[in-house]
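Some notes on the structure that comes next.
Chain IDs A, B, C and D follow the sequence of writing; residue 1 opens each chain.
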Amino acid sequence: MYQFETSVRLHDTDSAGLLFFANQFKMAHDCYESFLSDNGLSFLTIIVERDYLLPIVHAEADYAEALEVGQELVVELSAGRIGNSSFTLNYRFTSDDDEVGSVSTVHVCVDAETGEKRDLPDELVEILEEL
Amino acid sequence: MYQFETSVRLHDTDSAGLLFFANQFKMAHDCYESFLSDNGLSFLTIIVERDYLLPIVHAEADYAEALEVGQELVVELSAGRIGNSSFTLNYRFTSDDDEVGSVSTVHVCVDAETGEKRDLPDELVEILEEL
Amino acid sequence: MYQFETSVRLHDTDSAGLLFFANQFKMAHDCYESFLSDNGLSFLTIIVERDYLLPIVHAEADYAEALEVGQELVVELSAGRIGNSSFTLNYRFTSDDDEVGSVSTVHVCVDAETGEKRDLPDELVEILEEL
Amino acid sequence: MYQFETSVRLHDTDSAGLLFFANQFKMAHDCYESFLSDNGLSFLTIIVERDYLLPIVHAEADYAEALEVGQELVVELSAGRIGNSSFTLNYRFTSDDDEVGSVSTVHVCVDAETGEKRDLPDELVEILEEL
């Protein structure tokens, strides 16, 4: 499990006064980037140096509580199913220890040139298995 | 069914060269706002004049094709289940008649002051039932 | 002069109830992309096929009126100074014929590989001079 | 002077491979929110409890270096002119001690109900004068 701290910024909210729903996905991805980077595998490295990409093929979110500007959040990232060429990440959002929402993303590994599905690289599987 | 035309803007993409996944949810919501407005019920009216709000409690998306900057999209909006106090909207994204992705959002109707669940207002049910 | 129609989307606003200031820059860039595309030079072409990029080195905006969700806007794009290796674009935002804001961006032409400043390509100068 | 640490997230970049220019303004505003909050004046308090708002009437930015996903940034916030009803904030962005960009924003104080210009509240002037 990986923990990431963030907060709701003004530009994450909308004129209904609360978090705009799509921005919960952005915060989940911020957590994912931070997790990879803390484990020595930055997004820049993947994009520039590696021959694979990890596009998201499915994403979903639940919203249990309305979130306001300035609210401090903890995102807990854990791994779901890790397959040969795909993996699932689960994000649990809490504020003051209350669960306020969740996100789940399914990633597939593809060749960066051809876009063809391929096996997950070892360097990634190692990181995911320790989640 | 309601049709909405949009395109992938540069700020919708990321440095992996393709649409950032959370922005497909933004485009779906653009379509929803346009649909409501075309049916005489603008978001500003709901936020400022009405006593209800329609927060999203669940959202999910599938991504069938990678989308590039400038790509023209058609979003087809249809209604899923319409309950007493909640409803589901389904969005199908196509580009050159190929399905490239989909989004689904579940909205619940709440009292704007108390946040308590309440019945969908008639003005909204009428619009949704014609979708 | 090039005209572009847009509107303020919910995700462009924030919980103060109005357009989040940075999103006026996004709308200006939407207009710029549309202008280039309408003149046969898409962003995708520039990024994928050309050997130059046009990064923004300076941007500024004025905000004359607070803008609300759903508000319809017309953006008028005109060219400012066109130099050897840089150019300025001016955007005037109106709503119901009232000026509500403006944006100005300064772009410099650089080699896509080295990042070194270079002359504007003819294909771009031709388009800019007709603005 | 107030220091704020942030980093370039994937959704801050675009398919040209670098920070999308408008997102430098977002990062500046993140710093501003953090500064106010650290000084006991949260945005939520201003929006919900106070009778004033602080809309931005002018914003500008310079971009000295192209910024990539994952790049760590320090934002240094200092106050410019503090007038009776307006104030200017200056943001200097550095990465590894190199200046990579700057932002400046001019805010005017208005009555939250009428939108009329009014004097800056003492609680804000005190915070700004210590910057």
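Following the convention adopted for this analysis, a contact is a pair of C-beta atoms (placed from the backbone, for glycine too) under 8 Å apart; a residue touches a chain by one contact, two chains touch by 3 or more.
For clarity, every value in this text was computed on a predicted model and none was experimentally measured.
Ranking B-C and C-D by contacting C-beta pairs places C-D first. Over half of the residue-numbered contact pairs at B-D are shared with one candidate from A-D, A-B or A-C, namely A-C. Chain D has its Cα centroid 22 Å from the Cα centroid of chain C.
Distance between chain A and chain C, defined via averaged C-alpha coordinates, is recorded as 31 Å. Centre-to-centre separation between chain B and chain C, using Cα means, comes to 27 Å. In chain C, the residues that reach two or more other chains under the touch definition are 10-11, 15-18, 20, 22-23, 26, 29, 43-44, 47, 68-69. Taken as a contact graph, the chains are fully connected, with every chain touching every other chain. Against chain A, in their complex, chain C makes its touches with residues 10-11, 13-18, 20, 22-23, 68-69.
Chain D makes touch with chain A in their complex at residues 9-11, 17, 26, 29-30, 33, 37, 42-44, 47, 68-70. Across the complex, chain D meets chain C through its residues 15-16, 18, 20-23, 25-26, 29, 43-44, 47, 53, 55-64, 66, 105, 115.
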